[in-house]
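Down below are the structures I want you to see.
Both complexes shown next keep chain A, but they swap its partner, so chain B is in the first and chain C is in the second.
Showing the complex of A and B:
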């Protein structure tokens, strides 16, 4: 335990700015993965254990697009669009067959695809780790805000993720499609009886979830190494986020992800040997005091 | 063995026969010892995040096995490699090793596991008595600790304590020249990371007593994001950073530290940087990272080493790794031992291996030696230098001095109570 460093940091604006942005970076990427997970659970009532694979594919798609075109924007687009398509196909062809099935069956199908997708990546891109490299536009000196260090790329990353959160939140709350999705989550039988194609909604939601995870992967590709199986570690933390925030709640995923980011960021200063443990400890505290998670009641 | 008891066979003979039968069941390789080909079992990591290293181990072995077979094999017997995936899990490595010997009839073992698995395979070798060469585990205790010592196990990997002595003395000389007093460390949180960092800082302080460690970070192995570690180190404002992160973890770390301009704010010593797997992957490799040599075809700067690296590249379309040369060395040593004894018998080979010195492209002076006392490889090329982002990647390597290594290693062993 190193509380002096932690209190010293809290007293210094430079340290506060650096660590807070650091927490946001970790949190926002987690949010993009976790929100897809929570959305899919909220509407489809399926815990998509293979969600990490979409994060992985997003990163690989982005890297390939970037290598072929040299355009960072196109790389992001390919990462997101590619995984959306993959999500749609995966849901229609495989997941849709196990909706009524036992939870264990769903878990088995998902886990099978964790392994299959990892092997597919291995076959296409090889088993060795890869790096996409930072686009030259972002290879600039970091900004100094109130003495704290903030890399420009991370500002973009936080911006994109926050915009995604806002668009998603407003889209679900205010648009007709959003209302239909919420209705489908609440009572799919009734929605179907009203002549709405629920299969399309399910496929769409899965594609959306996949797309968000793919976007996270694409955004992470310039700064994280790409390996088959890279989705798994992210998945575990995303589960923690959704459990803390409440399964099915988008706001919960956002708050949960930022909290985890901050715990990691400030925890590494104050409790360098217990940073991982802090996350789980926090999850336990939340679960004991609010078993449905912080915002678990929003979606029934 | 026959199971029918003939009349007239006395009790003693029956017991002897039963004993022989039991031994045959327990040690099937004895029964098959005269087969024409000799099977060599090799558990290694062929899936998961470090699969690339396992594959490069296999390649390193195969390039030499092909040569040995073309030249007539081990004492006239062609080598047949039986290579199995352990997935990097110790219990799986032990199971695979046992199966390779007992079921597949392998007479020798090449243990191409990381340290976690190597200790498990070591116990199998202890139990079965089969000749086993550890090719990848760098954890010093595997051979330095007399409790681990068994006559049938050898190591052709470099050793953590050797690296730390050379790294510590190199870092201390840079430290003194540039006045680097405040150091930070960042290492993966498992046995290798902890031990290696501990040994490095011990020797750094020994050679440069006025240095101090002001910040330590222990990210977990295979962590995806190091941002909090990077910013923590930036807050501590050290003058130098030591890291033994490796592979994809190291390249991730460099990418993430790069955008915080960390490399312009301190001298970075990353022992595992100068390995082609990392060097060729990082797109924006900062200039001037200090690194130990892992495998690099320009060090030792000999025609033999360059030729070996190029032949490997020509065959497998990628450069060798640290694990490649360590595995190739195992086969080279076996071939030489078999020549000396004109035998492929594990016991005889083990006898010949002890103290065996062979010509090697990877030797500091063109030779490497299997030291008799603790059955581990010494005399291999070991040095540090700074990296540049294109070939030859480490243009100048400052060689470690084996005389100093031996002295300090002996002292270290004593301090650990090993001698």
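Showing the complex of A and C:
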């Protein structure tokens, strides 16, 4: 425990800005993964335990695309589109077979794919740590805000994640497709009786979730090291985020992600060894006081 | 007397006699199994086989106790592995720090597990289904992070090193490989027998009722919360015993024992063997350990092979091996009768 560092940091504006930014970075990446999880749970009623693998594939796709083309935008696109396709195939071929089965079966199918995907990545890209490197467009001097250091890339990352949140929120609330998705979440039988292909919606939502996780992975590739199994810690953390925010709630995922980001960022100063423990402790406290999460609806 | 009444009258003595007979049968099967296992070292000198049985004992107790929650009560715990780790660490620490005899340390470990499980259980069992799974997972990770961060007590990520002292007691010397083997077998068989008694007792049937319909159970006057908490603590005790065997076997304790993957493996073992029969998890344990040992020897891509096997069970069979066997047997028996 190192409370002096924590109080010292809270007293200085420079440290406060630096830590808050890094908290936001962690939070925004988590949000992109968690919002996919929460969407898939909300519509398909499936807890996608293999969601971390999409994050991992996004990062690896982006790295390969960047190395081949040298274009950062193309790398992001490849990361997002590749995982969207992967999500669609995964849902149609495997997950759609276990919708009627109990939770345990769904968890097992996902667990199997966590193992398979990690090994596939190890086969294609090798077991060692890889790094994509910061694209040259962002290799500029960092900004100084109130004495704190903020790399420009972080701003891009936060911007992309926040716009994803806004687009998703508005898209679900206002557009026709959004309404159909919400209807399918509420009563799939009725939606399908009205002549809408629910299989397509399910596949689409899964692809969307996969795409967001892939985008998170692609955005994280320049700032994190890539390794098979990198999806796992992200998965566990985004679970915590969805559970804290409430399963199925997008706003909950956003708030939960920022909270967890801040806990990680400031917790690593005050409790360097117990940072993870702090997150779990927070999750336990939230779940005990509000079992359905901060923004979750009461489950019937 | 109507036909129904006559039938009922005939039923009563039989159903009263049945539990007694079953109990004797269980005890004799357990005794026979223990004798066979205990004789094994006389005929087969292979150390690898004895090691295998010891590992089966540790994981078998753990998986079967998890099945008391998952299969019998319908509580999908994703953090049952915490008690496995807790057992290993408590036992190892007590032996290293205090030097009390092994049985005392074992009993003390069970006492510690009871207290911890009662506290965690009291918080968790109120929650339902997926939320119960998540909170138990969170507690598991909390214990794991505590082990990692409390370096002065637990040795952090290095685990408990320097070996666990195992002084001889009642003529049993656990540093001797055969003695350790026989002790593990005894713990396994006793544990399984006790769990079988729990599963077949009226309390065991109460648990099945809670699994099938918790509302109905509470309408007929069962305190669901208390029953769930009781089985949560009991299952924790057996998982902790599995952890003790593991700690004795490796002569140490490592943070991986408390990591969530242990719980994941436990659930997987249950699915592999089947959750509807009592011995399903035991079969699953043997299968998984054999699979583990052969696959890791053959390929470095262990995950792909294991993943495909899981997919085969989850999507192909849609049930565990024992469930499958039992259904197949029942079908074969009823088949000719229907025709005739």
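Everything below uses one rule, namely that the second predicted complex is superposed on the first by the 297 of 300 C-alpha atoms of A that agree within 3 Å, B and C clash if a C-alpha of one lies under 4 Å from a C-alpha of the other, contacts with A are read in each partner's own complex, and residues count from 1 in each chain.
Simple rule for what comes next: a contact is a pair of C-beta atoms (placed from the backbone, for glycine too) under 8 Å apart; a residue touches a chain by one contact, two chains touch by 3 or more.
Computed from a predicted structure; not experimentally measured.
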Partner chain(s) touched by A:103 [first = chain B, second = chain C, both, neither]: second
Which superposed partner A:74 touches (first chain B, second chain C, both, neither): neither
Partner chain(s) touched by A:183 [first = chain B, second = chain C, both, neither]: neither
Partner chain(s) touched by A:273 [first = chain B, second = chain C, both, neither]: both
Partner chain(s) touched by A:233 [first = chain B, second = chain C, both, neither]: first
Partner chain in contact with A:222 - chain B first, chain C second, else both or neither: first
Which superposed partner A:112 touches (first chain B, second chain C, both, neither): second
Which of chain B and chain C A:129 touches, first, second, both or neither: first
Overlap of chain C and chain B interfaces on chain A (superposed complexes): 122, 273, 276
Residue ranges of chain A in contact with chain B within the complex: 5, 9, 15, 18-19, 22-23, 25-26, 29, 122, 127-134, 138-139, 141-142, 149, 151-154, 220, 222-225, 227-230, 233-234, 264-265, 267-269, 272-273, 275-276
Chain C-facing residues of chain A, complex: 47, 94, 97-98, 101, 103-105, 107-109, 111-116, 118-120, 122-123, 236, 239-240, 243, 247, 271, 273-274, 276-277, 280-281, 283-284, 287-288, 291-292, 299
Of all residues in chain C, those that touch chain A in their complex: 70, 76, 123, 126-131, 133-135, 137-139, 141-142, 145-146, 148-149, 151, 156, 260, 264, 267-268, 271, 301-304, 306-308, 310-311, 313-315, 318
Sites on chain B touched by chain A in the complex: 47-49, 51-52, 55, 216-218, 220, 222-225, 227-232, 234-235, 247-249, 251-252, 255-256, 258-261, 277, 281-284
